[in-house]
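Shared between the two complexes below is chain A, which pairs with chain B and chain C, respectively.
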Partner chain A sequence: MWGDRRGERRGSRRRGSLVGGALGVAAIIIVTVVLGLAGTGGVYALWDASATAPGATITTGSIGLTVAGRESAVLTGLDGPLAPGAQVSASVTLHNTGSVPLSVGVASTTGSAPLADALTLRAAAVPVGTSCPTSAGTTGALVGYVARQLVTLPADGSEDLCLVLALDGSAPVTLAGTSADLGLTITGDQA
Partner chain B sequence: MNNSLKGAIGAAAGVALLLGGAGTFAMWNTTTSTDPATINTGQLSLTKATGTWKHGGATIDLSSFHLVPGDVITYTVPLTITATGDDLKAKLTVDSGSISGLTTSGDVTVATALSSGGSGVTIDQTDHKSATITAPASGDYTVDATVTVTFTDVKDQAEQKRALTLDPVTFDLNQTA
Partner chain C sequence: MTRRRTTLVVTLTLAVLLVLGTVGVASAAWRTQASVSGTPMAGTVGLTVAGFDGLGGTLSSGTPLSGAVTVSNTGGLELTSLTATVAVAGTGTGSVSVAVWPVTSSTTDCGSVPSAVTSGTWASAVPSWLSGATLAAGGTATYCFRATTTSTSAAMVTPTVTVTGHAATWATAPVASTFTETVPAPTSPTTVTPAQAGIAPGNASTTVPSVTFPVDADGTLSNPYYFCVDVTVAPAAGSAVWSLRIDTTKPPYNSLPPASGWRWETDVTVSGPTQGILTVAGGRSNATITAPLVVRFCVTQKAAAPIMDAGPGTYSVSTPQLASCSDRTRAASRYDACVWTDVTGLYPHFYIGFHYQFVLADVVNASSLGSELKGQLLKDTLSGVEGGGGGIAATGGGTPYTVTVTSDGVGPSEGAITGGMTRTLKARLTSNG
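Coming up: the complex of A and B.
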């Protein structure tokens, strides 16, 4: 019995040493693999290079249009008196306060009325300080008048807008002594 | 005499025997070696030339240019890839670019793209944001990179008189094989 137990203990010890030995070998293999991987880490650092295009500041433009230095102005010189076949004229300075060219147009906001319906308008752009031309410009009935792209104002540029108002030569006498309110909208579009 | 002592005596005797017989191992021997050789490494580098801003085909000075709705301006910069290697492959990528300082995001947009006039470089045709240099890579390859800035909002009176910041655009060249 004792002998058997000793044999069992010896066998157990042998199995233990075999297991321990296997673990030892496994540990060595694992350590070796880890060391091997650590040693080959540099292989994955492939070449690379880079370049950078510099950043930049991009400035957006602006537009702005003034009439006689303001956003709105009262025209003088068109307040008559007008006789059939006669005309009156006035000019006002337009200024592009923006940083991009503007295409300037004129449109009438004058409502239909007996006197207004008998009036024609001619608009022309001339250099600042220049007299109104005798015939240049865009002519049309005052009511519904539209003149697109009358002039292109460069950035910070100015022109005089010349307005010539004429009463139809066949205007009825009933219009004598009457008046009409004249309204114009001047528009500047990005050219 | 215990076992430890016996072991120590045995080890000492073994060492003595080895020392005593050392001379007997000096037998004939000879050596030879390979010829020396020079091994050349390859190269992979990326350089950037000076770029140019254009508007409508004309060169512009960005510092005095004013972007307005409908405008499209482009910045083109030539890149030179020097790649040397018998089995070297590389990939060039460009980021998407970005712009800041807008009142409303999307009023002005940025797009980047690569284009090439040379052989050996294949541009990804899906988004034009990458290029592949195939093996054997040898010599210089030229790739043009373009940054396009577009003022897209043409309906609103937006973004007037603003200083927008176009962020730097980065180009990365990576060896793939």
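Coming up: the complex of A and C.
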């Protein structure tokens, strides 16, 4: 009897331990998943809204961005020729081809070179067809240039990206006749 | 314990992977990119200057030097300013005046000076020459330069004009141009070229290195009615049977017959004149020469003073002035316009011929007349020259319309001048407007 009671007590303690362990693991998983989903923020809400519509087709959103109607564009308007202290400008139309709003930023991929190092870039977003503003936008050295959240494009929305390139007023005359390879990446992040 | 730990680790790993997987898929799916490229280029700066070499040469009173200078922008950037500097070397540099004005074509005749020009000496006019000028990429600009002098003293002016173009803080390489303008020294009538004395070699084996008029001990020719001529003859090579030709119709002989007033002080044989030409050869003692020989002859002009064409430098010419033909202190009018000029002799010993010319437009534009009257007078042509006596010829023509006045130097009463003597000439204009 004693042996049976001890056995029941041992069995009861073992069951208690297993139950407690399972609860602990479940708690960890729940906390972790909640934290993980919290990390996805709006994404979770978007997907959640689509998934719970009764009888509706579950579709994902689309995302896309074009410059002058293509994935890449060459801007000859920035070719110059540039004089010290002078600037050239060109505009290109950005279009959000996706179904979600995009926050647009510009980053330079231009490598360091004598002329590139003496160039300053100003980027600004303006309504399509509008001329470049005289001072608005984000200004910085061309090499390493980054401008975040220049504009938010709604789905199927367009804006003109105005680029103003200026040669430093103290650029040495040894730069005369030289050129630079300008590269800019236009990034659209879901807003 | 071991089983529980294993279960816990597996569970946590799955949970973390699930979380990371969820987050990662969400980030990658919601970014898109496009690109823009270009080839920005810095412009070039460059400049050329052409034409200053045409401004080198000899100028004198009444004989200006002029030419067009073209400045070209050979770069890819607009030259927003142009500067000119000048360094002037030489002697008598202040005696040469220069006028500069823009023109529209490099083929422009720069003989006519407009009313508004940049002027001064080379040192003072050049620095302001290009003030305010700009030049588009690939563009050219042409300017006329006209150098004049009223000096009768020798001068040699060597300007080095340096032009630089600027595009913002960049500058072209400086372009320097150097040329020399010479104002000849007054020519003494006692030393002339053989042609001025009507003398030439009579055969191919003879040369005439020099012709002089021997002077008195005080260095002057005290008697203008009696003069001698020293002609140096030399063999062209080795030995020569020499010969001279003397044109007696030329000043200072004035067609005076050799039999009347000519005296030979060297042993010579004279024949002629035939059509005014005397042929002179050596006498028995010197017919063949191996070294230079001075042949002297003297001429008595009796009542007429000798005259010769000694050329510019033996007289001065005033700046032509537009005025009434009846009174040079009164302004010209449409039908009463003359160009007045004073010609003054500088040497006392001979009567000499002279010549000068002026561009009508220069004289009209330099006047203070109204623009309407100026426009009418610019259509005028020469009617004739008055006031100088006979022997003065004047012609008008060309583009721009230029008047040339010459004295044939035949007889003192016929247009020639001597030291201290001034002839006031007026070129009458005929209205064509």
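Everything below uses one rule, namely that the second predicted complex is superposed on the first by the 135 of 191 C-alpha atoms of A that agree within 3 Å, B and C clash if a C-alpha of one lies under 4 Å from a C-alpha of the other, contacts with A are read in each partner's own complex, and residues count from 1 in each chain.
Please note the rule applied: a contact is a pair of C-beta atoms (placed from the backbone, for glycine too) under 8 Å apart; a residue touches a chain by one contact, two chains touch by 3 or more.
For clarity, every value in this text was computed on a predicted model and none was experimentally measured.
Trainee: Per the contact definition in the header, classify A:Thr185: touching chain B only (first), chain C only (second), both, or neither.
Mentor: Once the two structures are laid over each other on A, A:Thr185 reaches chain C alone.
Trainee: Looking at the overlay, what does A:Gln149 touch: chain B (first), chain C (second), both, or neither?
Mentor: In the superposed model, A:Gln149 contacts neither chain B nor chain C.
Trainee: As a test of reading the superposition: which chain, chain B or chain C, is in touch with more residues of chain A?
Mentor: C
Trainee: When the two structures are overlaid on chain A, which partner does A:Ala86 contact: first (chain B), second (chain C), both, or neither?
Mentor: second
Trainee: Going by the contact rule set out at the top, does A:Thr130 touch chain B (first), chain C (second), both, or neither?
Mentor: neither
Trainee: Considering only the touch criterion stated at the top, classify A:Thr76 as touching first (chain B), second (chain C), both, or neither.
Mentor: The answer is second: A:Thr76 touches chain C but not chain B.
Trainee: After lining up the shared chain so the two structures overlap, which partner does A:Val100 touch, if you call chain B first and chain C second: first, second, both or neither?
Mentor: both
Trainee: Contact-wise, after the overlay, does A:Gly177 reach chain B, chain C, both or neither (first, second, both, neither)?
Mentor: Only chain C is touched by A:Gly177; chain B is not.
Trainee: In the superposed arrangement, which partner chain does A:Ser112 touch: chain B (first), chain C (second), both, or neither?
Mentor: neither
Trainee: Do chain B and chain C touch any of the same residues on chain A, and if so, which?
Mentor: Looking at chain A, the two contact sets intersect at 60, 63, 100, 190.
Trainee: For chain A, which residues count as touching chain B in their complex?
Mentor: Per the touch definition, chain A meets chain B at residues 46-63, 99-100, 155, 190.
Trainee: Flag every residue of chain A that touches chain C in the complex, lowest number first.
Mentor: Chain A reaches chain C through residues 17, 21, 24-25, 28-29, 32-33, 35-37, 39-40, 43, 60, 63-67, 70-86, 88, 90, 92, 94, 98, 100, 102, 109, 115, 119, 161, 163, 165, 167, 169-171, 173, 175-190.
Trainee: Under the stated contact criterion, what part of chain C meets chain A in this complex?
Mentor: 4, 7-8, 11-12, 14-16, 18-20, 22-23, 26, 29-45, 75-78, 137, 167-171
Trainee: Which of the residues in chain B end up touching chain A in this complex?
Mentor: Those in contact with chain A are residues 44-48, 51, 53, 62-63, 65-70, 73, 75, 77, 79, 90, 99, 108, 145, 147, 149, 151, 159-176.
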